[in-house]
Amino acid sequence: MMFDAVIIGAGVTGSAIARELARYEAKICVLEKNADVCEGTSKANSALIHAGFDAEPGTMKAKMNAKGNAMMDKISAELDVPFERIGALVCCFDESGIPALEELLEKGRKNGIPDLEIVDAKKAKELEPALQDNIVAALWAQTSGITCPFELTIGFAENAAMNGVEFRLNTTVSGIEKTDGGYRIETSGGAVGAKAVINAAGIYADEIHNMVCGDKIKITPRKGEYNLLDRAAKGLVRHTVFLLPTKLGKGVLVTPTIFGNPLVGPTSVDIDDKEQNRTSTDGLNEVREKSSTSVKNVPLGMTITSFAGLRAHMDITDGSDDFILGETAEGFFDAAGIESPGLSSSPAIGEYIAEMVAKKLDLKRNEGFNPNRKRVKHLLWLGMEERKRLIEENPAYGAIVCRCEEVSEGEILDAIHRPLGATTLDGVKRRTRATTGRCQAGFCSPRIMEILARELNLPLTQIKKNGGASVEVIEKTRKGAQI
Amino acid sequence: MKPQSRYNIVIIGGGPAGLAAAVAAKKAGEESILIIEREAELGGILNQCIHNGFGLHTFGEELTGPEYAQKYIDMVENEGIEYVLSTTVINIDGNKTITAVSRENGLMQIDAKAIVLAMGCRERPRGSLRIPGFNPAGIFSAGTAQKLVNIDGYMPGRTVVILGSGDIGLIMARRMTLEGANVKLVAELMPFSGGLNRNIVQCLNDYNIPLKLSHTVVDIDGKERLRGITLAQVDENLRPIAGTEEYVECDTLLLSVGLIPENELSKQIGVELSGKTNGPLVNERLETNVGGVFACGNVLHVHDLVDYVSEEAEAAGRNAAEYAAGRAGDSRQNEIDIVPEGMVRYTVPVRIDLERADEKTVVRFRVADKIPGGVIHASVEKNGERKEILRRKKRILAPGEMEQILLKKEDILGAERIIISAGTSAGISAGTDEKAGATK
Amino acid sequence: MIHELICIRCPLGCGLKVDVDEKSREVLSVAGNSCPLGLEYGKNEVISPMRTVTSTVTLSGGECPLVPVKTAHEVPKARIGAVMEEIVKAAAKAPVKIGDVIIKNVAGTGVDVIATRNIKAGKANELG
């Protein structure tokens, strides 16, 4: 099978590139080793669209973040992805930090970030009453926003799929060879050919890069651990609250998620093993200890889940640690080292890489491209009249499956039967929010498993949490015991 | 069935509490009653509790969960009480207008004169325990596993570790064993089990399943499916002791680490909750701070025996009927506080109207620690003076057991405050055995 | 021989020591109990422990794929395995009512296994 372009990795970066490439007439394929899109770094992060003031001026990180942030209004409208510019406060609790705060403001101006200002303690408290009383000053970045990283990634991917991009899930790349006019990619599902290869493999982008390029790179997984609190703690903070880094290190941020659950984290620890996306005693303790530095009364007792994400940190000897974006070998394009602000940059990276590939392959515009996609309706967020009407149209919207987040069978069916539909419990979770509430799947997971089994025509023993060996039940009862 | 748009009493939940409340309200003369149940059948969690041991107090025989539920379902049917199934209440406002949805009836609004909250509780999930490690498949709350095994007929796994020795965990240890699983151990953080001795003997000892007291899970291994856990002993502050870690291979971890009353709807109505029980603060009528909104069963506080759920729910049902019939005043002016002291963690109710109260009022509570030879006291306070009105010696008081005492109206009249306390028998002369008023 | 066990007759959970003459299977003494109930429990639990077995049986043609069951009376503890062996092989047809006999004289104990839930005819996914 020969494609014009093959993208390796269906995280937010690969999916954004796929969607942007779908604007051209080309045969495009995305290879993803997991059972669903959004299974790596994209699913476990701070869910922020950063304003873009803290990247070094002139770097790709600075450019992509500023542009990505600016693109989010349009993207969120087109892809029906929740996005809110709630603003961020970088908080300074010590007079000696003021110069650093001013430096940050200056950096932000150089990066072209609008609506940035330093506010005094009084104004900061007015904006964010939950701040600790010893606040001295804060950098207020009004364009900073929050989104749902699941929805953004899935939105890009679904829209790409709707526009003809082929997604091959459960497909691991094992080797890449240069051929005449392109590459031959060995995968767990057979070989595919491509005129252009795009590396968006997240924490594994070094392995993919090194299969092709002479100048080797190394990506170090940088672990971040978080606590997610019950939605009942909604309103703890109104803004994303950062702590100005000091000699004593970096604090943790406290932010609302787009669904109202406060999120506290992350830690930042470099590790060796790319499969170790696991929480640790030290990490969770650190989150606990640091959570109250900037914000009063963080109710950590309302934690409903903890998680760890791995950022793809690029080790570069010259001291810079920028994204690698561009054609690093003939017909081979890197989108590598995409750590923070990767989510914020994804719309811009998608456009940047896609334009480069299109130019290289001399692709024509796809006039039939449809930029719009509708997400799974979430009835909880709709008004009663709208909800009533929808249930009348489709009674399955009236059958509540996940009681904590009020997700109906209709929403789950939609998640399963749409383009790139959910095939796993986590897939349903990311598309509907079912299981993300305070009971953490206790009541609804057996029911969702049943629906998945019925709709996908699979035995219950093949319904998985997130692919691989992650089955939920292993066999029928009735085997009996030797007692 | 399509419900009407107005009932005198709407009962939220068709488990043991809701069913008993409905029957009692009907017997008290109320005709206009609706039970709203989210599952496809009445009976609640009892349907999956197929083990026996229910109903000894109520029916004088040992029943299984489904049998116990059926007794009340039959009463509901015989009384002709209306109910809707597969219907989820999504909102209740301060005017007692209930919004519910179902596949069959769409979105409906139902007005109630009185509401009985009987939503039950949920299990505490892993996330709130902060156990570090991976997040693989194979970690279930004990009740979820119970549903998978007993209702759906599927085994969550073959080699099992259970964290928490609550009764559901113990029951599942036996159940999984009988279905062919290898239950390796039950770990309990506390130095004692919260489960009944009977369950420790008949669910663990019968099958040689070790109960590891003062142990907890400190790590979870396995990226896709659970591969093992690390067990560690804890010190007196419940912190893991370094060097005691032990890796245990298993494909399944069941959590039986506590139950939390499900009061999301109660909060919407404006019901005040207790920080101790996570359930509503109620007066002696089991009425919340919102007039005409009553609570009973595990949504009010987690019970040890379903028999007491039924008993409590019957009182709530009767009181709701009184209220709906306009026979109960809305006044709170004469209510005084019932205050827990010493080892008593909480009481239900927390307030009592001395004029309105029946001749005897049941006060239910739990203690914070295991107290062999414990003593329960009830006292009244008046003009700053405290007078003991009840003293009961118990062989043992334990956090896993709900205690109850009866307050006699004659004893409490004129009081400004009622204090319920418990402690060791030290300083109390021997022979002061159970005073009148004790029910257990 | 002395058997150690926990009394389950009340929450106190006395540690009992029951001395049994292994030849005559007679209880010589019970120690550690705080009350007569403990004495009785200790004797019975050592000489002839009995249990109610509860489980489920595969159901066809019902609203649910399983019907919960119990032994109508207690069976000797030593026979639990044999009882379960028959229960896992058994099958029932809907409708069933509480009390319906699902297995007669299970494992030769003289005790029947009976249904503990009413299940109407219907079409659940059958476990087979």
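Every chain is named by a letter (A, B and C) in the order it is written, and numbering of its residues begins at 1.
One rule holds in what follows: a contact is a pair of C-beta atoms (placed from the backbone, for glycine too) under 8 Å apart; a residue touches a chain by one contact, two chains touch by 3 or more.
This structure is a prediction, so every number in the text was calculated from the model and none was measured.
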Key: Most central chain, judged by mean C-alpha position against the global CA mean   = B
Ask   = Which two chains have the most C-beta pairs in contact?
value = A-B
Task = Determine the centre-to-centre distance between subunit A and subunit C, using the mean Cα coordinates as centres, and give it in whole Å.
result = 52
Ask   = What is the distance, in whole Å, between the centres of subunit B and subunit C, each centre taken as the mean of its C-alpha atoms?
value = 26
Request  = Could you please state the distance in Å, as a whole number, between where the Cα atoms of subunit A are centred and where those of subunit B are centred?
outcome  = 39
Task = For subunit C, write out the residues touching at least two other chains, lowest number first.
result = 56, 58, 66, 80, 84, 88, 127
Ask   = Which residue numbers or ranges of subunit A touch two or more of the other chains?
value = 450, 476-481, 483
Ask   = Counting only residues that touch at least 2 other chains, which ones in subunit B make the list?
value = 151-153, 178-179
Ask   = What residues of subunit A sit close enough to touch subunit B in their complex?
value = 228, 232, 275, 277-281, 283-284, 301, 303-307, 384, 387-388, 391-392, 395-400, 403-404, 406, 408-409, 438-443, 445-446, 450, 460-461, 464-481, 483
Interface residues, subunit B side, partner subunit A - complex = 38, 86, 88, 90, 99, 101-107, 122-123, 125-128, 130, 132-138, 140-141, 143-144, 147-149, 151-158, 177-181, 207, 218, 220, 223-225, 251, 264, 267
Ask   = What does subunit B use to touch subunit C in their complex?
value = 47, 50-52, 62-64, 66-67, 70, 150-153, 175, 178-179, 196-198, 200-202, 205-206, 372, 395-396, 398, 400-401
Remark   = Contacts from subunit C onto subunit B in the complex sit at residues 5-8, 10-13, 34, 51-56, 58, 64-66, 68, 70, 77, 80, 84, 88, 98, 116-118, 127
Request  = Give every residue of subunit C touching subunit A within the complex, in rising order.
outcome  = 56, 58, 66, 80-81, 84-85, 88-89, 125, 127
